[in-house]
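Below you'll find the structures, each written out as structure tokens.
What follows is a pair of complexes built around chain A, which joins chain B in one and chain C in the other.
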Partner chain A sequence: MAVSDTVAATPPAATPTPPAPSRRRRGRTAAYWLYLLPGAVLFLLVIGAPLVGTLYLSLTKWSGIGDPRWVGLDNYQHLLHDDVFWASFRNTIWMLVAMVVVPTVLGLLLAAVLFDVIGRRFKPRTAAALRAAFYLPQVLPVVVAGIVWGWILRPDGAFNSLLDAVGLGALRHDWLGDPGTALPAVMGVMIWVQIGYPVVVFMAALQRVDPELYEAAEVDGANWLHRFRAITLPQIRPETFVVALTCTIAALKVFGPIFALTRGGPDNATNVPSYFAYYTFFKKLQVGYGSAISMVLTLIIVVVAGIFIWMQARSERRDRGF
Partner chain B sequence: MQRFRRLVAAIALAATATTTVAACGGGDNGDDSDAKVLKLWHYESETSAMGVGWNKAIEIFKSEHPGVEVRFERKAFEQIQQNAGMIINSSEGPDIMEYNKGNATAGLLSSQGLLADLSDEADKRGWADKLSPSLQTTARYSDKGVMGSGNWFGVPNYGEYVTVYYNKDLFQSNGVKVPTTMAEMTAAMDTFVGKGITPLGMAGAEYPAGQLFYQLALSKADRQFVDNYQLYKNPVDFKADPLKYGADTFAQWVQKGYVAKNSASLKAEDMGTAFIGGKVPMIVSGSWWYGRFKTEMKANWDTFLFPGNTLQAGSSGNLWVVPENSKAKSLAYDFIDITLRPEIQDLIGNNGGVPVAADASKITDPKDRKLIEDFNTVSKSDGLAFYPDWPVPGYYDVLVSGFQGLINGSKSPDQVLDTIAKPYADGVKEITGK
Partner chain C sequence: MAVTLTPSTAPVTPARPVRDRQHRGVSRWVVLALVTLGALVMLVPFAFMLLNAFKSPGDYSSGGPLSWPTEFYTKGLRTYWTEVNFPLKFWNSALIAGSVAVLGVAVSLLNAYALGIGRVRGRLWIVGLFLLANMLPQEALIYPLYYVAKQVGLYNTQLSVIIIFTVIQSAFGTYLLASVMSTFPRSLLEAASLDGAGKWTVLWRVVFPNLRPTLAVLLIFFFIWTWNEFLIPLVMLIDNQTQTIPVALASLQGDRLMDAPTTNAGALISLVPAILFFLIFQRTLARGITAGAEK
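Our next item is the complex of A and B:
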């Protein structure tokens, strides 16, 4: 018996199956894709094509001129044994502390204090002015900030003069010239640069929280810390994810401040993968190797971003109760 | 329908025009003597010695080539440095361009066939006679792009060298004489240290530390060492003199307070401004500072060659190169020839530059004349030893990092020599395959 006969012989189902999407509805869905087309084309041109190009170059040996020579996975094998590469990733962990952990925690506290205490006890304009002050370093071009901090931290700079002025002249130091202090100094600068971003995002998030929740908690006798833990933190979790994700990506690919402040030195004490890739690519003219570093960095950023997004989605599902 | 026809006609017209223009441009038939445009790029500022000299050269070129248009474009140094390969490999590049000397730049482009071979012109026009052997080193490149031998791929017409700048007023007020030997130099520095003055300005975050190390090493070196180190003629032992002497002496100078221990993070600009401001009595640095000190420094100052050295860090300046794609090669050669004429060379010298073929007696300012005479002394005795970061790409940062460690005391001279030896060996292997 032919299959078509079987189908034809099957009696109509007792319960009606859901109707198939009408042709009109399918047409409308297809039209949505048209709206995605410009973005998709741009993505392919601006991100997709360079990414494929970099992947190809990472499998070659090339000085930037002439024809690249195919070397397969040699560059990646070399990376695994390159001390500078691993040193740069160790420094990245410290940059994550300076650009994600400290700014997020401090930013949260500052936003809560500005919103809850300053905003209520003083005029809202005071809180807004302070918020703008914290955000100011984000507006400055990072290279300008780097140069200015370079002046402040140099041996005869403002920071050492300040130490002199407060009677701590014995602590005078070449902060960026000593491998022991260069990374902490750069971390301090990065905390200063980053702090305004979470403050602004968290303050906006706090304005979204229903005041009745706080009022109810206050009636129940909850103090500020209780309210902060039980209401503020859970309510602004989506913004926390966004801040943590964007700051993590910024920390992983940080380049400008390192370039302006230390060029990765002294003795690779402040080297990071993006600066190492730049140095290998443009200074050593090892385009293939520089591309391999960039590819590994890209992969790490994509994986970390994926983990964050997955955690965020899981958290949202849990909040909705399914 | 009519609109469609108009569109087709417009496309056809554009296509015809394109092919006609392309035909006018002509293929490269090897004869460009009738070219009517010379596209010239360089990156010197208008008021610099070279900028002034080359402006005059353009004037002379125009008067000697009536009907030829000079299309000059001033470019940024970094713009040329990072994009030269792509630029001159295209049809949009210049006919003649200022470009950086060295293996990683002019050498690399020449090895890829992107630069015109200037050997015949150098012989025919006498350029080879005007440039001393050590100046020719940066003009000639082997087929692997290693400088020092092979064909001519560039022509320098100015030079640069490392010398000692000193503040005459500070020397006088502290009773210090201008040293002529290394013993006198260290005695002078001891005097300054005794009076609480750090004698040598330094900038560990940029080139000055590497250059001081190299100057010290050169005091124990000969031409064979320079050839081995810069031109890979023989392997270099970093744990032996002269490099060992350079690193050891540098460390001693830091310990004795000749060089400030807290100068590891300073940049060359910091060192220069400290000298201009009279904060340090001496700096060891290049002739590129000369014009600036002349303009900005209020105290009396002068220069003397690093005492006791027959070899000095220094080289030709950057090069005129002619891209292989140039459609006006003959005109480009004429222009190079003009820049080497005495009147342009003297003009460069009288504006604070270091010409390679000037008559020192034609330089009116005695201080300018001394700068050029010192250069001529070094150049004629084959004393230019190039720069320590030249041998391999990326070596500049290696040296900076290494000598920062020596200044801040985080590394011993032996450790620094180890740090800088491996990248050198890796880089040489990369270039020579050995």
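Our next item is the complex of A and C:
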């Protein structure tokens, strides 16, 4: 509501006509600041101030009631010796495997096969239908996906029944309830959720690659694997960066699927920083400690994103120089 | 949260059919079989969901998850529908996602106008700052937001979630639109200002009509992303009257109120709007992306 008011209230920018051209130029740029005003105010209220607030709270001990007590870096020091904290970060590495590495690699292969083999040697509709099947889980709200999978992997769920049906009943298991299998099971679900995203982005990317490149390579006798390495991979590198970056951030922040599938259990086997922070805030009511966890996670995300963007810029420079 | 970026749905059409002398044999059929098998595996959970959404609890406990339902049982669906008050949850989700989509695009447009066309000083840093807001873990904001919302009486209102996501989504929108606008043809802008158009008029009569396809795509992304959001609605909306579909489904599951068929029925109903949006919007998405590519 506040937003639309602000929008309507922004006056049509007056065009002052000062004499000197240089001053006029500066005056024109300055007038544009007005347009940034609503966005900037909202940004400060919803992002800036809360972020500073969390940073401040991370230096206090607070249960959410009464006054926060300043403790300096105590929370951070405590984090270093907290096994749950380290366990949650170890699990994040597995989440990166399940949400970035496997989907990007499989997605690249699938997109290339769908585009290059299925799309060209069968009807285009076949490729489009197969792509839709891989993309469907992305349409599903992740919490809904988590709830369905939670039921499938239950002791009396569909997965165990399936094992029975194919004569592998000896493998029956409480997949999410056993600390030994919970993390691999969650990883499997995340691969299923994520795979469609790179497939769709990479297939869109392949459409802008000049088909003559492939034709020339084929005439030269290059086999499919050659063409994949020499043409497909380099041509769609910008998209690969975007996919890897967005998936990495998603993996570092993952919350909904963990909440719906395991709530970090059993015995922290699937805990992740995001869920650990949520639990510390709202279940254990240790607001200062939860804030410290969030700040560490924020720092990691900023550093990782920075590295990615730096690598991307460097690779683009190299391409131009080449 | 998986960001669905560019689900272009234009049919995959190779520019020219290529005759392949080497791979005409059986190998392409083997590849097709393998990929089809993979696609079927992807669909298996959906099949399970469908199969069990229409079973009675007795049917489920005697036949198990894989059996064919002995009757067409819709009470699970109806139980979920009334127990959760699905129409209300649907309305909450639609109200929140719809408002965020419109307001988020409006804020993005204004921000990007100043950054991409106005080229205000330090715009690269400002764009970077906005982008950061989109990457931040929401845990780094949630407690102060929760606390302040309680103080000012916005806690447990849809408005709180609308304001928060308007800002979070417009952070991404600002980044995207600023880069699109920085390549906006200057000649068009200059022609308009020679005709005496002020900045406000240029924005609405020149920039906005030209960017309409991109804005439509952004609108849809914001809608779907907000629809699927979980953490902030989970914290902010504790009440049956205000909850969104994902939060309602998750809190029911937490209560262990639901038997397996009702769980599946609930998931199935919750899935239908998402699939509908996808089908309705996919043409707009494809058009928007093509428009972006022609630039």
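The rule is simple: the second predicted complex is superposed on the first by the 277 of 322 C-alpha atoms of A that agree within 3 Å, B and C clash if a C-alpha of one lies under 4 Å from a C-alpha of the other, contacts with A are read in each partner's own complex, and residues count from 1 in each chain.
One rule holds in what follows: a residue touches a chain if its C-beta (ideal position, glycine included) is under 8 Å from a C-beta of that chain, and two chains touch if they have at least 3 such contacts.
Predicted model only: the values in this text are computed from it and were never measured.
Q: Have a look at where A:Ala133 lands relative to chain B and chain C in the superposition and call it first, second, both or neither.
A: It touches chain C, and chain B stays clear.
Q: Tell me which partner A:Phe85 touches in the superposition: chain B (first), chain C (second), both or neither.
A: It touches nothing on chain B or chain C.
Q: Which partner chains sit in contact with A:Lys283 here, chain B, chain C, both or neither? Use first/second/both/neither.
A: first
Q: For A:Ile249, select first, second, both or neither according to whether it touches chain B, chain C, the two together, or no partner.
A: So A:Ile249 only meets chain C here.
Q: For A:Phe202, is the partner it touches chain B (first), chain C (second), both, or none of the two (neither)?
A: In the superposition, A:Phe202 touches no partner, neither chain B nor chain C.
Q: One more residue to check, A:Gly264. First (chain B), second (chain C), both or neither?
A: After superposition on chain A, A:Gly264 lies in contact with chain B alone.
Q: Who touches more of chain A, chain B or chain C?
A: C
Q: For A:Gly64, decide between first (touching chain B), second (touching chain C), both and neither.
A: Both partners, chain B and chain C.
Q: Please report the chain A residues shared by its interface with chain B and its interface with chain C.
A: Overlap of chain B and chain C footprints on chain A: residues 64, 150, 282.
Q: Can you list the chain A residues touching chain B in their complex?
A: Those in contact with chain B are residues 63-66, 150, 153-155, 172-180, 182, 262-268, 279-280, 282-286.
Q: In the complex formed with chain C, which residues of chain A make contact?
A: Interface residues on the chain A side: 1-4, 7, 10-15, 29, 31-36, 38-40, 42-43, 45-47, 49-51, 53-54, 57, 64, 110, 113-115, 117-122, 124-128, 130-131, 133-152, 156-158, 161-162, 165, 192-197, 200-201, 203-204, 207-208, 211, 214-215, 218, 223-224, 242, 246-247, 249-250, 252-256, 259-260, 273-274, 277-278, 281-282, 287, 290-291, 293-295, 297-298, 301-302, 305.
Q: Which residues, counting only chain B, touch chain A once they are in their complex?
A: Contacts found on chain B: 82, 85, 89, 104, 108-109, 112, 114, 204-205, 260-266, 270, 393-394, 396-397, 400-402, 404-405, 407-408, 410-411, 419, 427.
Q: Which stretch or stretches of chain C touch chain A in the complex?
A: Residues 1-18, 20, 22-23, 28, 31-32, 35-36, 38-40, 42-43, 45-46, 48-49, 52, 64-66, 103, 106-108, 110-111, 113-115, 117-121, 126, 129-130, 132-133, 135-145, 147-148, 159, 163-164, 166-168, 170-171, 174, 198-201, 203, 227-228, 230-231, 234-235, 245-247, 249-250, 253, 260, 263-264, 266-267, 270-271, 274-275, 278, 289, 293.
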